[in-house]
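In the part that follows, the structures are each spelled out as structure tokens.
The same subunit A turns up in both complexes below, where it pairs with subunit B and then with subunit C.
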Partner chain A sequence: MKKIFVDYEKCVACKACETACAMENHPSHSLFGLLGDKKTQVNVRVLAVEHEAFPVSCRHCEPAWCMDACPSGAISRDSETGAVILNPDMCKACAMCAMVCPFDAISFKETHRARYGRDVAYKCDLCNDRVKNNELPACVAACHSGALSFREHDQLRRDQAVKNLRVYLLGEEKLPKNFELYRELRRKEFAQRSGEK
Partner chain B sequence: MKIVTIGTGMAAAEFVDVLRKEGSQDEIVMLGNEPFPPYSPCVIPFFLAGEPLTTVYWKGESFYRNKGVTALLDSAVAEVDAKRHRVRLSNGRTENYDRLFFATGARSWYPQPQWLETNGVFGFKTLTDMLAIDDYIREHATRRVVVFGGGFIGVDAALALWHRGLEVILVHRNTRLLSQMTDEDGGVFATRKLREITGIDVRLKTTVTDIDIRDGALRGVKMSNGDSVETTMLIVAIGVSPNSEPLVGNDRGVVVDETLRYDPHIYVAGDVAVTPHALTGEPAIYATYPNAMLQARTAVRHLLHGDATYNGSINTNVLKKHIDFPIISAGTFEGDPVTWQNQHLFRRVYLQNGKINGYQLIGDTRVSGYIYNLYCAQVRVDKIIAPILADNRGDSYYRSLMGFNQGQLG
Partner chain C sequence: MSELSRQRSADPAAVEMLNLAEKEQLETIWDRLEKQQPQCGYGQLGTCCRLCTMGPCRIDPMGEEPTHGVCGASADTIVARNLARMIAVGSSSHSDHGRSAALLLKAVASGENTDYRITDVEKLQAVATRLEVTTENRSYPEIASDIADIALSCFGKQDDTPMPFTEKYLLPKRYQLFKDIEEQLFKTTGKKMGILPRGIDREIVDILHRTHFGTDADPLSLMVQGIRSSIADGWGGSLIATELQDILYGTPTVNTAKANLGVLDAEWVNIIVHGHEPSLSEKVVEMALSEEMQQAARKLGAKGINIVGLCCTGNEMLMRQGVDMAGNVLHSELAIMTGAVEAMVVDVQCIYPSLANLSNCFHTKFITTSEQATIPEALHIQFEDEHADEIARRIVNTAIAAYPERDQGKVYIPNITSSAIAGFSVEEILKTLGGSVAPLIDVIAKGTIKGVVGIVGCNNVKVKQDLYHQELTKKLIERDILVIGTGCWAIGAAKAGLMNLDAQSLAGEGLKAVCQQLGIPPVLNMGSCVDCSRMLVLAGALAAHLDVDICDLPLVGSAPEWMTEKAVAIGTYFVSSGIPTHLWPAPPILGSPEVTKILTEDIKGLLGGYFFIEEGPQAAAQRMEEIILEKRAALGI
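Showing the complex of A and B:
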């Protein structure tokens, strides 16, 4: 199956993925609709770890521990896309899924899909409807820097191996120069901030 | 081959579901002592809180038809004759089997079974209980309920009825609610927060000793501390016992081998099965859904392919119902405690030889999955656990992944 992959060295923490995800999941599908709306649902979050930053979300694991832990029949796998899908109509927000998810990819709140006036679990659904329409997931489509891609894992690994070989044998640059410079800047800024504490 | 399940609960439903998914065309008979499609006991309290009944049928309302199963419902099982491969029902009917899946679950335990003869006294375990409670509240416009028992089921009951708008008095004999899921500090913290969030009247170190009956209906309860409370509804949820009598003649559960079998033709799973703990080997009944599910799938693999072993159960559980205040616990609370807490959260891990032996995470789920994995993997965490417990951004897994954690995973 195709999954969303993160090349964290290319992430510039612009959060375009978060915004696009929120818009995709909002009934208005518009940026203005999100503003001030507590029910806004964002399934991806850009996490800063020291000088690095990268988006984290559901990995649609196989086997999916959340799916095996769900006692209400709310989590299932789409047979076509392989996406792990959460049905908010069946979800009782009991947190069995969140209790076992290693990636903290499942959160709780009253979203626009919650039907019973209480919180439900929500997570990335791989933009399942978009993917079935041969579109990219919203976050991937919105990523300006090429940090996010939507691909088959095997293909990604093969390409990565070829690229590493080219870097090693032919001396090709691993990252574009501007990314290298930006990463150096971030490292220095972080070191400076840490020193100030 | 004819396969019979005793029980239509979560283990039995998963067992049948996976059998069919694996391509089994065998004749399947499911015996149940209630008249419903398979339902989720975790979900049924939400029906009382006002959510649709259809959502309790976690595998669909047409499960029996969809799976091509003969369902004999409303029939209790009296006895399993393992020699003759025959099940005798309490209505006299018998059912033969080639393979039996024994998943009878557990039932409420009542200190005074005669209380149940009084209109207004209920258990809180089955969908039958929920429907009866729902009817009763509607008919009597019930405003106040006393819940006797502050374990998982008792707190679940209290929260569901609180959510419905009833005034709830929760009576528990221990010093804190959820005393099996928590240690003293964690339990006291959880009890205080539950009180603050819901306003439920929690009476600790107290039991219900007697009930006040007028014209066959409940009018009030008397408690061990001398208090009396007027109420027309009492829920008794002080414990459960496994329904193992039809197979072994006592209610101590059924001990199974590593293939989950009691004898070559009988598989046992769910809240009636005594299985070893996956990490400690300690045999016990580990009554949570993920264990039941894994047992059912293991039994299917063994039945169809003759080769499968059950690696043991994990005793981890979470209570997060009707309010956004999860209480998570796993393992045993022995060893060196490492604690982090603030006004809203309480997190404690017990370490033994540097490895996680048990934990409580109260107030949020942020680090729970990572800690669950560190617990299951039994890696040394003594040098890294303190910052993980203090993690409020959910970045500790990624920190260790990228090598930013001080100390090393052992």
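Showing the complex of A and C:
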């Protein structure tokens, strides 16, 4: 099964993933359609963890805590893609799923998929329809800096191992020099702000 | 609670106000910074291009795809274009300020405007001499009219010759160097690149043109034009602002005032002037201090009117009128939160739009005055030079009328001020030295003072307020390095008590002795950020006396808490004038290896100045001392 992998060192916090996710999940599928629309669903959030940025979304665990915890059977797994899918019609907004989620990737509000004007749980569905069409999830397709990828883990592991070995064995740069410098300055700026010298 | 406040500012008055803000749940600029986290790296790296609607385009910072924008622009091109535009905007802001001073001087000289007058005839004559305007048997208005015409021609002239202010004020050696570089660049690249500015408006419009879609893509020629625009600012627009304002309002002389929020007084009508152009604040101060207005305030139960400054307008008023200083730009929200401010009167630049809504939480009238800077939810009273007295009176009356609305229960003023000596124009420094730069050069040559560092504002909310300013300044004077400067740095130093005579004790033995002998602090306030031109003029005078170029002198520049595009223009004209210049935080250029290399390395060989980045005051002071020692060794002193 392919999963969304995050190479957080490459995340520059542009939030293109958030915008793409919002458009994908909005009935208009357009940036201008979602402007000012509070029902817009954004399933990925780039969070600041001190000086680092990390795009957080559902990890589609197997077994999934949320699925086990849901008393109304609103959460199920797509056997073809492995995506953990939430059915808003069956959701009772009890928040059991959110409480057990180790990544805090589940939110609540009245989305465009919610019926009867009530709050429901919502989360990343791995862009299940796109994936079945052999497309990338919207966030991954939108990522400019290569921080997000959608791959088989084994394939990713091999590529990364070779890349890291090139750093250790051949002394190659892991990241370009100026980008390392930018990361370092960002870290120092944060450290200063939080009172460290 | 106070732990967070202490992390945000090194100023104890700010810490008190931030505690209050937290308790009263008043949002501050620090809170908004947190809400903006994480901030986009493309913007920080300078590799986001929004110049046409085929974009926006972003370049992968890891050197992978996409390596070029839709049009084919590389990261180097995009960063260079963005930076050139920052310089153009910074140059515009200072220079438009200079333009309004020139237009006002012209109106005063022709008798059209009688609300202002020529105050400093000595300066008028000095500027006339510099510009080679005939003064013999001519009236002051005639001379002023010619000076104003020359200044205005610097903006609008269309021929290709260097503009007159730059030509007459720039050190001849540097002038020649610029000409030589123009030739050298043409010889080595075959491309025509100019350094000497032809006209202020022209160099700025040139940048807007060449950064338009599909025009200049060469990082070098983009940077050279950026340099040209910055010189049009430092040796043009800013210089015109300083010189002509000295003529109109008087050249600053040494005076003492208080700095920090404690200058606000709970029993008085408090008016804060904030912004940049003294044409407004001079008049507001004049009216506020008039007996008529003081009387009006007393009638409503106040003890009178207490007028104070903030940000660079504060510096203009401090330098020329000895008006007390409420704080630098990060104090602007905090001042309103004291609940004791009847009116904050603003014009242009560095005015947070948040001040309007914040003022509405209090009785404070937030008054915008400039047609170039109106803010939603503010009270706008249109200021016009030709009706300055009448409008200033209306502004002060508006403030007085707000006094009865004040909720005394909401008043909280930190009881913190420092005494600060200000007013160090070049003329005043020369007077202190006995009329010539020779004594200063002597002590530098002997090594009693190792060198001079010029520091300029701002405050940047990403840096703990004033910490870098204070620490760097202390570490430099400790090393017998004289510190001069302007803008929000100067206010930070004043608040920290570094500009009074007690600060002599923090200086190294050599600097201390010199300061004691001259009766000056080791840290000198030279004015508002537009007055960075005073530092250039001083550097030019030192170099001329020694018959060397500015880049040979043991001088370093610094902007340790900078945030604005004006600071980019200032930094670039410092570097272009031959002064190595320190920056923190880093400017948005790291996405381009080529531009980074040009500005931190290659430019040194051409102009003698270059940029360097240091994140901590200790390392920065160390590096500055090394540069100064290197320059001293080259001079053989």
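Convention: the second predicted complex is superposed on the first by the 193 of 197 C-alpha atoms of A that agree within 3 Å, B and C clash if a C-alpha of one lies under 4 Å from a C-alpha of the other, contacts with A are read in each partner's own complex, and residues count from 1 in each chain.
The rule is simple: contacts are C-beta pairs under 8 Å (C-beta built on N, C-alpha and C of every residue); 3 or more make two chains touch, one makes a residue touch a chain.
Computed from a predicted model, the values in this text were never measured in an experiment.
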After aligning the two structures on subunit A, examine subunit B and subunit C and state clash or fit.
fit
Does the superposition put A:D119 against subunit B (first), subunit C (second), both, or neither?
first
Touching A:L156, do we find subunit B (first), subunit C (second), both, or neither?
neither
Which holds for A:I85: it touches subunit B only (first), subunit C only (second), both, or neither?
neither
Which of the two partners, first being subunit B and second being subunit C, lies in contact with A:C61: first, second, both, or neither?
neither
Now for A:L47: first (subunit B), second (subunit C), both, or neither, which partner does it touch?
both
If you stack the two complexes on chain A, which partner ends up touching A:F108: first (subunit B), second (subunit C), both, or neither?
first
Based on the superposed arrangement, let me know which partner A:L136 touches: subunit B (first), subunit C (second), both, or neither?
neither
Report for A:A95: first if it touches subunit B alone, second if subunit C alone, otherwise both or neither.
first
One more residue to check, A:Y182. First (subunit B), second (subunit C), both or neither?
second
Between subunit B and subunit C, what is the shortest CA distance in the superposition, whole Å?
10
Residues on subunit A touched by both subunit B and subunit C 47-48
For the subunit B and subunit A complex, residues of the former touching the latter:
10, 40-43, 46, 50-51, 55, 58-60, 289-290, 293-294, 316, 318, 320-322, 324, 326, 328, 365-370, 372-373, 393-395, 397-399, 402, 404
Sort out for me which residues of subunit A touch subunit B in the complex.
47-50, 52, 54, 56, 68-69, 71-73, 89-90, 92-96, 98-104, 106, 108-109, 116, 118-119
Subunit C residues touching subunit A - in the complex, by the definition given at the top
6-7, 37-42, 44-45, 58, 60-64, 66, 462-464, 467, 585-586, 590-593, 596, 613, 615-616
Flag every residue of subunit A that touches subunit C in the complex, lowest number first.
10-15, 46-48, 53, 144-146, 175-179, 181-182, 185-186, 188-189, 192-195, 197
